[in-house]
Amino acid sequence: MTIQTAVLIETLTALGAEVRWCSCNIFSTQDHAAAAIARDSAAVFAWKGETLQEYWWCTERALDWGPTGGPDLIVDDGGDATLLIHEGVKAEEVYEKTGQLPDPSSTDNAEFQIVLTIIRDGLKADPKKYARMKERLVGVSEETTTGVKRLYQMQANGTLLFPAINVNDSVTKSKFDNLYGCRHSLPDGLMRATDVMIAGKVAVVCGYGDVGKGCAAALKQAGARVIVTEIDPICALQALMEGLQVLTLEDVVSEADIFVTTTGNKDIIMVNHMRKMKNNAIVCNIGHFDNEIDMLGLENYPGVKRITIKPQTDRWVFPETNTGIIVLAEGRLMNLGCATGHPSFVMSCSFTNQVIAQLELWKEKATGKYEKKVYVLPKHLDEKVAALHLGKLGANLTKLTKDQADYISVPIEGPYKPPHYRY
Amino acid sequence: MTIQTAVLIETLTALGAEVRWCSCNIFSTQDHAAAAIARDSAAVFAWKGETLQEYWWCTERALDWGPTGGPDLIVDDGGDATLLIHEGVKAEEVYEKTGQLPDPSSTDNAEFQIVLTIIRDGLKADPKKYARMKERLVGVSEETTTGVKRLYQMQANGTLLFPAINVNDSVTKSKFDNLYGCRHSLPDGLMRATDVMIAGKVAVVCGYGDVGKGCAAALKQAGARVIVTEIDPICALQALMEGLQVLTLEDVVSEADIFVTTTGNKDIIMVNHMRKMKNNAIVCNIGHFDNEIDMLGLENYPGVKRITIKPQTDRWVFPETNTGIIVLAEGRLMNLGCATGHPSFVMSCSFTNQVIAQLELWKEKATGKYEKKVYVLPKHLDEKVAALHLGKLGANLTKLTKDQADYISVPIEGPYKPPHYRY
Amino acid sequence: MTIQTAVLIETLTALGAEVRWCSCNIFSTQDHAAAAIARDSAAVFAWKGETLQEYWWCTERALDWGPTGGPDLIVDDGGDATLLIHEGVKAEEVYEKTGQLPDPSSTDNAEFQIVLTIIRDGLKADPKKYARMKERLVGVSEETTTGVKRLYQMQANGTLLFPAINVNDSVTKSKFDNLYGCRHSLPDGLMRATDVMIAGKVAVVCGYGDVGKGCAAALKQAGARVIVTEIDPICALQALMEGLQVLTLEDVVSEADIFVTTTGNKDIIMVNHMRKMKNNAIVCNIGHFDNEIDMLGLENYPGVKRITIKPQTDRWVFPETNTGIIVLAEGRLMNLGCATGHPSFVMSCSFTNQVIAQLELWKEKATGKYEKKVYVLPKHLDEKVAALHLGKLGANLTKLTKDQADYISVPIEGPYKPPHYRY
Amino acid sequence: MTIQTAVLIETLTALGAEVRWCSCNIFSTQDHAAAAIARDSAAVFAWKGETLQEYWWCTERALDWGPTGGPDLIVDDGGDATLLIHEGVKAEEVYEKTGQLPDPSSTDNAEFQIVLTIIRDGLKADPKKYARMKERLVGVSEETTTGVKRLYQMQANGTLLFPAINVNDSVTKSKFDNLYGCRHSLPDGLMRATDVMIAGKVAVVCGYGDVGKGCAAALKQAGARVIVTEIDPICALQALMEGLQVLTLEDVVSEADIFVTTTGNKDIIMVNHMRKMKNNAIVCNIGHFDNEIDMLGLENYPGVKRITIKPQTDRWVFPETNTGIIVLAEGRLMNLGCATGHPSFVMSCSFTNQVIAQLELWKEKATGKYEKKVYVLPKHLDEKVAALHLGKLGANLTKLTKDQADYISVPIEGPYKPPHYRY
C-alpha cells in the first residue's frame, strides 16, 4: 500500500471498480498513501508495522464485501489473498463433510497457524463464505515470483479454483521491476537504514535471478566487491561473466560486510552463519519472505540481545563474542521496510500489466477463454506496456518496413519475438 | 573454421564421427586451423577470403561423401548446409516431375543465383543426390539466431525434411555466445581493423537483442556514448534502463563515429544513410548477413571509389563530398572478418551444446523421439553445459537441501527453473 | 553537525580539547547527534532547519568562550568561522580608527548583511573581541574546496590573520570525500527527497571536478544518461573519455529530468533556465553554496508558487505554464539537506586529516614553523591517513624491498610519490 | 615508430625541423610507418623486432648528424637518447682526464653493457662527439613516467646537461595517455596475442597508478575479477573504493589467470612467482621496462623450455610440473609488442604537448628562460591541448562570465585551476 499502489487503486476505480485493499507485507504500507486512498477511493486495511495477526485480519477484511457481495477479481501480490481463499474453501469442504474445524496446532509454521485460526474463527458464523467467493470470482492476476510459483503448484495439483494471470512473467514486469527496481531500491534501503558506505565493502548476494542480478549490479556499481551464491549453474556462470565471484556462504561468511538474500527459497542465512559474521555485518532480505533469513533461530538463540537502533534496524548481539549483526526490516523485504519500495516508473510497468490483466479477465469472464489455469499475457500486450513507457524517456522507436517484417516473418506491428525469447 | 571449430571437429572425430567441413562465412576461416584439421582430422573445404562461388562450392563439396555415402548428421552454423539440401531436394522433385532445371535468373539475389547454379549444374549428373541425403540424414543441430529462424519457418510451412535441434536457444548459447562473445569480439574487431580509440566516440548500435546488448555494453565500457536503434519497444526500454539513448538512424546518422548492425534483419544501413555520415565514420555488421548494410547500393553508387586500406578494411569515398566511410569485412561479420571470432571459453559453451545435440540425435535416431520438427535441448542439459564450465573459473556452487528443493518444488539435482524462465 | 562530526568532537575531546561547535549549513544538523554531543561532550549551537540569522548567531556563539577565553584552534568546514573572525577584525580596526560601524546596507548579499549586522551589534559592547581571538588563535584547518579558495585569496591579499592548513587538498580528502562521498550521497539525497527512478532519465551535471565526477559516476551507474557542462577543457575531455556528453546548459535545459550543480561557482542555473525545464524536473545543488542555483530569482519570479511537498523538497510552479520544477534543500547542499551527508568511512578519512592538522598546528604553535600562510599536510601524513583505513577493508599492502625503493628513489616507508602526482 | 609518431614527425618537419628518428622499444616499430617516413620525411633507424644491440645502434645513429651537425632538440620517450648523451659526455670527460675507456664488464646489467660498448667503440674515433652534442642541444622534452624520473634524478644530482620539459606530467598526457590509452591497449594486446576471453577470469594488476588504473578498469569492464597489488596506501585505497581487492602477489599467485605489471619499478613478478602460477597463466608488462618481470630468472631457470607460439607470444614450460605460462612481448611493453600501441586520438594529446614543448624550447633558446632543470608546461598550454581536442568529439564548452570568473578568482580565458589541482 504505497503511493504507487494508490495510483493503481485510483486507476481501477476510474475504470469502474469498487476496491477494497490490504497490504502484502507488514512493513510496506506508506500511511500517507493509505490515508489518502481511504479518504477518497477505497476501503483500506493497511498500516506500517502490522503484527502478523493484524496482517491476516486485514487480508480477511479486504475480502469481505458482506453477505451479498464479494470480490469479482483479485489483484494479488505475493498470493496471500489467493491462499486465504483456497485454504478457506478447503476448510469449509472438510467442515461440511466431517464437521471438523481447522486445527492451528497442526502446523509448526507460526504464520500458517494464524491463517488457520482466522478461518476457524469465521467458519461457524458463515460456513460458506469462501465457497461463495470462489463461485463469484472471475480470476486473479498475480505479480510476484513467489505468488506465481504457488499458482503453478495449484495448477499442477488440480486445486486451482479460478483462472489466474501470471503478470510476473510479463517481460515488462520480471525483467524490469525485479531487476531495475531492486537495482534502485537495494542501495536505497541500505542507505536509509544504516548510512553505510557501500564502496570498499564486501557484499554477498545470495541468489542471482532477476532480483539478485539487480542487487549485485547496484552493489558493484557503488564500489563494493560482490560475491554471489547460487545453486543454478547457468545463473552462476552469468555472475562469473560479469566479474563476480561465485562461492558458498560458508566460504565467505566471516569476511563479508553486507549480506542480501534474493532467492525466493528458505533457510539461506541461518543463525549459525550469523554467529560467525563480523561485528556489525548487515543482513537483509529482498527476496519476498522473511524465512530466507533464520529469524526464528536468531530470536531463540540463547542469550542473544536485540537492540533496536530505529524501527526496522536492529542490532542483534551474541553473548559469546559480544559482537553483533544488524538485521534490516526484521528479515522482511528491506526495500519496503527500510525505504519506499520501487520507484514509480518501474511500478508503472508492473501495474500496467496488472490493469491489462484485470481488463482481460473481466472482458472474457463469460467466454470461457480462461479455464482454471495459469496464463501469461500475450506478447503483444507485453510490448504495448513497454511502448506506453517510451515517450516519457524520450525514445524514438524505429519502424519496420513491410519488406523487413516479411524478411524476419513478424507482423509490422508486432509481436516481434518468438515466445521463448529471453530478452 | 576457426581454432575453436577445429577442437569441435577433433571432439566429434574422437566420438567416432567421420567429418567433412566447410566454413559458414567467406572471411571467417583461420587458415592455420584449417590446415591442421585437413592434415589430421577431417576433409576441410575452407580458406580465408573465399568468393561467394567458392563458398558454395565448398559447401557442396563438404556434403558430398560420394555416391554411396552421405552425411548422417549436420552441425550447422547459419543454416547454409541445410538450405542447400532443402533447395536441392526441391529442385530434384521439380525436375523429376517436369524435367525443368532451376533457373538462376529467376531471382535478383546474387547469392541465391549461385545456389541455384550449383544445384542445376549437378542435377543432370546425379538427379537423386539430395534426395539420398535427405533419406539418410538423422538430423541437424543449428546454432545461430538466423539459422534457427529459417528452421522454424520451414517447420511452419511443413517443408522441414529432417529433425532439427535449435542449439541457439540453449541459454548457455544465446545468453553467452551472442552476448558475452560479442561483448568481447566487437571491440576486438574494431581495434584490429582500425585502431580507433573508442573512448569519446559516438557509437550507434542497430538492434538491442543479445548481440546488440553485448556490443552496446562493450562500447559503453570502453568510453563511447552509445545510441541504440530498435523496433521492439521492450528491447528499447531495456536500453533506456541502461542509460542508452534510443533514437532512429536518421536522427543520428550525421553525428556518429561508429555504426554497428546487430539486427538479423536486412536493409538497416542504406547507401543514403552512408552518404550523410561524417568523414571516416566506421560501418560494420556483427548480425549475421551482409545485407544488414546496403553493400549492393554502396558498390553501385555512381562515382563511389573503394580504397582498400588492408584486407577487410575498405574506405569508400563519395564523389560529391570527397569524404568517405570505412566499411569492415565488406559488410560481413566483422568479428570473424577482422578479428578471430569469439574466444574459446564462450565457444566451448556453444559447442558443448552442439555436441550434446549431435549425441542426442544419434542416440534417438531409431526411436522416433524426434520428428521433422525443431527442438530445443532439455533444460537439464543446458544446466549441465554451464556446470561443466564452472570449475575453470573457480566457482563453488551451493547445493540445495532436500527441504529447500521441496519448498521451491524442484529436484535437488535440477533443472531449477521453469521453461519460460528468461535468465 | 552529523553523527560523523560527533565522533570528531569526541576524538578532539579525548585528545584534551574543550570544544564549542556550530553547523556549516542550515539544514545539515542531525538533531540526535547534536543532542548527544550537547549532553556529553561539547557546547553545541546547531539544529536542523536554522534560519540564516540563527545560523550566524550560532557561529558567533560557538566562537565565544567569554571574556577571558577563546578558541585556540578552528576546525573549519566552508570557512564561515574564519570569515566571521576576519570580518570582525576588519570592522574593529575601522571602528578604532574612525568610529564607524559596519553598514549592512552596504552590500546586496542578504547573507553578508547578516554577518555585518552581527558584528555591528557586538562591536560597541566589546570592540576588541575579534582582535583577542586573532591574537590567541594558533591556526585553522579547513576542509572544503570553497573554504580553501577563500584562504588562498586572503594569503594572496596578505590579509590572512593566522596559519591555515588546507585539509581539502590532502589526497585522502579531496579525492575521497569529494569524489566517493558524493558518488554515495547524491543518489541517496535524490532517492530520499523524491523517490525518482534514476534509470532511463537524462541528468545534467554542471561541473566535472571531483564532486561532479562522483555525481556523474553515480548517475551513470544508476542507469541515467548523463550530460556534463564544463568551462575547463581538461575536465571536459575527461568527461568525454568516460562516454559523457559535454554540452551547455542551454543545449539541454528543456529535455533533461535531473539537474545537479557541483561547480563551486555561482549563477549556474538561473530562473530563466528553470522556466524552460520540463514539468517536475528536479534541480539540486551539491557544490557548496546555494547561489549555484538562482534561488533569489526563483523566489522573486512574478507569480511563482512554492508548494512544499515535504521539508527540503519544494515544487515551484510557474504561472505561464502551470508546470513546475522540484527544488531540493532550497538550493543548499542536497546531500546534507535531504539525506545524511557522507557516510562514516569516507568522513573518517577527511576527519583523520583534520585531527592530524590540528595536532600539527598545536605541536608547532611555538616553533614558528607555520606562518600566516596556507599549508597542505606533508605527503607522509596523507599516506598515513590512507594506511589507517586499509585494514577495515581487508587490504594487504605490498612492501618495497630496499633495492626497489632505491630503484625508484623513494624511502621504503614512503612517501612514494612526488608532490605533483595527481593520483 | 608507429603511425602516430609518423604524424608527429611530419608535423615537426612541417614546422621546419630536420628529423632523425629511432624507436624507444625493440618491438614497437610499425614497419609500414617507418618505411613511409623513411621515404618521405626523415631518416629512420627502427624496425619491428630489433635486438638490443641493434636498438642502441639505432639510437646512436639517430643522434649522429655528422661532424658539423647535431640535434638541437630531442623528443624523447623513455629517456634513452638523453641517457646515451649523458653517459657519452661522462665517458668523454673521464677519457680526457685519465685516458680510460668505459668498461662494459663493470656492470651486471646486460643492456647497460651494450650502452658502454657503443660509447667505448666510438670514443677513439671522435672523443668529443657527445660534448659537441651537449653544447648544441637546446633541450629535451620527455613524455614517460620513467624518463621523467631519470631527469629529476639528474636534476637532483646536478648532472643534467640541458633544459628538460617534463611532458609526462601535463594533465593531458599522464591522465589521458597513461590512463585511457592503456584502458584501450591492454585488452587489445591481450586479445591479439592470446584471444583469451577476459570475462570470468581472475586478473592481477600490479600497481594502481595511472597505467594500473586504466588496466584495472579495462579488465573489470570486460568481466574479469581484478585484484590489485600496491605499495602506496593512497592508491590502494582508491582501488578499494572501486570495488577491487588489494592483496599481495603471494596471496593470489596460484589462482589468477592474467598478470599485468604497471609499476615502473623492477622485480615485480619473479621466476619463483611464475613457477607457482596456473597452467597457461598469462604474464605481461605494460609499465615501461621488461625488468618488471624477471625475464632473466625465467630464461635461466634450469630445464625451462620456451615455445614460441607466434612472435611476442611465448609459452614457457617448467620442468617440474610440465605446465607453462604465456609471456607476452618477452616482458616488454605488451601493448606495443602485441598490438599497435595507443590509438591516435590519445597520442594526439600527448604529441601536441610534445610539439608545444619543442616550440617553447626553441622560442626561448636564447632568452635563458630555461636553465638546466626540469620544467612542466604551464597550465594554460595544458588546457589548450585539451581545448584543441574537444571539437572532434562534439563537445560544447560553457563560457565563464566576467562575474563568475571574478567570483572564483580565475581569468575568463583560464587557466582555471590552481597548480596543485589533481583532476
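In this document, chain identifiers A, B, C and D correspond to the written order of the chains, with residue numbering beginning at 1 in each.
The rule is short, and it goes like this: contacts are C-beta pairs under 8 Å (C-beta built on N, C-alpha and C of every residue); 3 or more make two chains touch, one makes a residue touch a chain.
By chain, UniProt protein names: A, B, C, D = Adenosylhomocysteinase.
Just so it is clear, the structure is predicted and the values come from calculations on it, not from any experiment.
> B-D versus A-D: which interface comes out with more C-beta contact pairs?
The greater number of contacts lies at B-D.
> Report the chain whose CA-based centre is farthest from the CA-based centre of chain C (Adenosylhomocysteinase).
B
> Take the average of all CA coordinates in chain A (Adenosylhomocysteinase), do the same for chain D (Adenosylhomocysteinase), and state the distance between these two points in whole angstrom.
That pair's centroid distance is 56 Å.
> So how far apart, in whole Å, are chain B (Adenosylhomocysteinase) and chain D (Adenosylhomocysteinase) when each is placed at the average of its C-alpha atoms?
Between these chains, centre-to-centre, one finds 41 Å.
> Would you pick out the residues of chain A (Adenosylhomocysteinase) that each touch at least 2 other chains?
Correct list: 180, 199-200, 223, 237, 240-241, 245, 393-394.
> Please output the residues of chain D (Adenosylhomocysteinase) touching chain C (Adenosylhomocysteinase) within their complex, sorted ascending.
149, 152-153, 169, 171-172, 174-176, 180, 210, 229-238, 240-241, 245-249, 251, 264-267, 349, 376, 382-384, 386-387, 389-390, 393-401, 403-404, 407-409, 414, 416-418, 420, 422-423
> Enumerate the contact residues on chain D (Adenosylhomocysteinase) facing chain A (Adenosylhomocysteinase) in the complex.
Counting only chain D (Adenosylhomocysteinase), the residues touching chain A (Adenosylhomocysteinase) are 199-200, 220, 223-226, 237, 240-245.
> Help me check something: in the complex, which residues belonging to chain B (Adenosylhomocysteinase) touch chain D (Adenosylhomocysteinase)?
Per the stated touch rule, the residues are 3, 180, 183-184, 187-188, 191-192, 195-202, 221-223, 255, 339-340, 342-346, 393-394.
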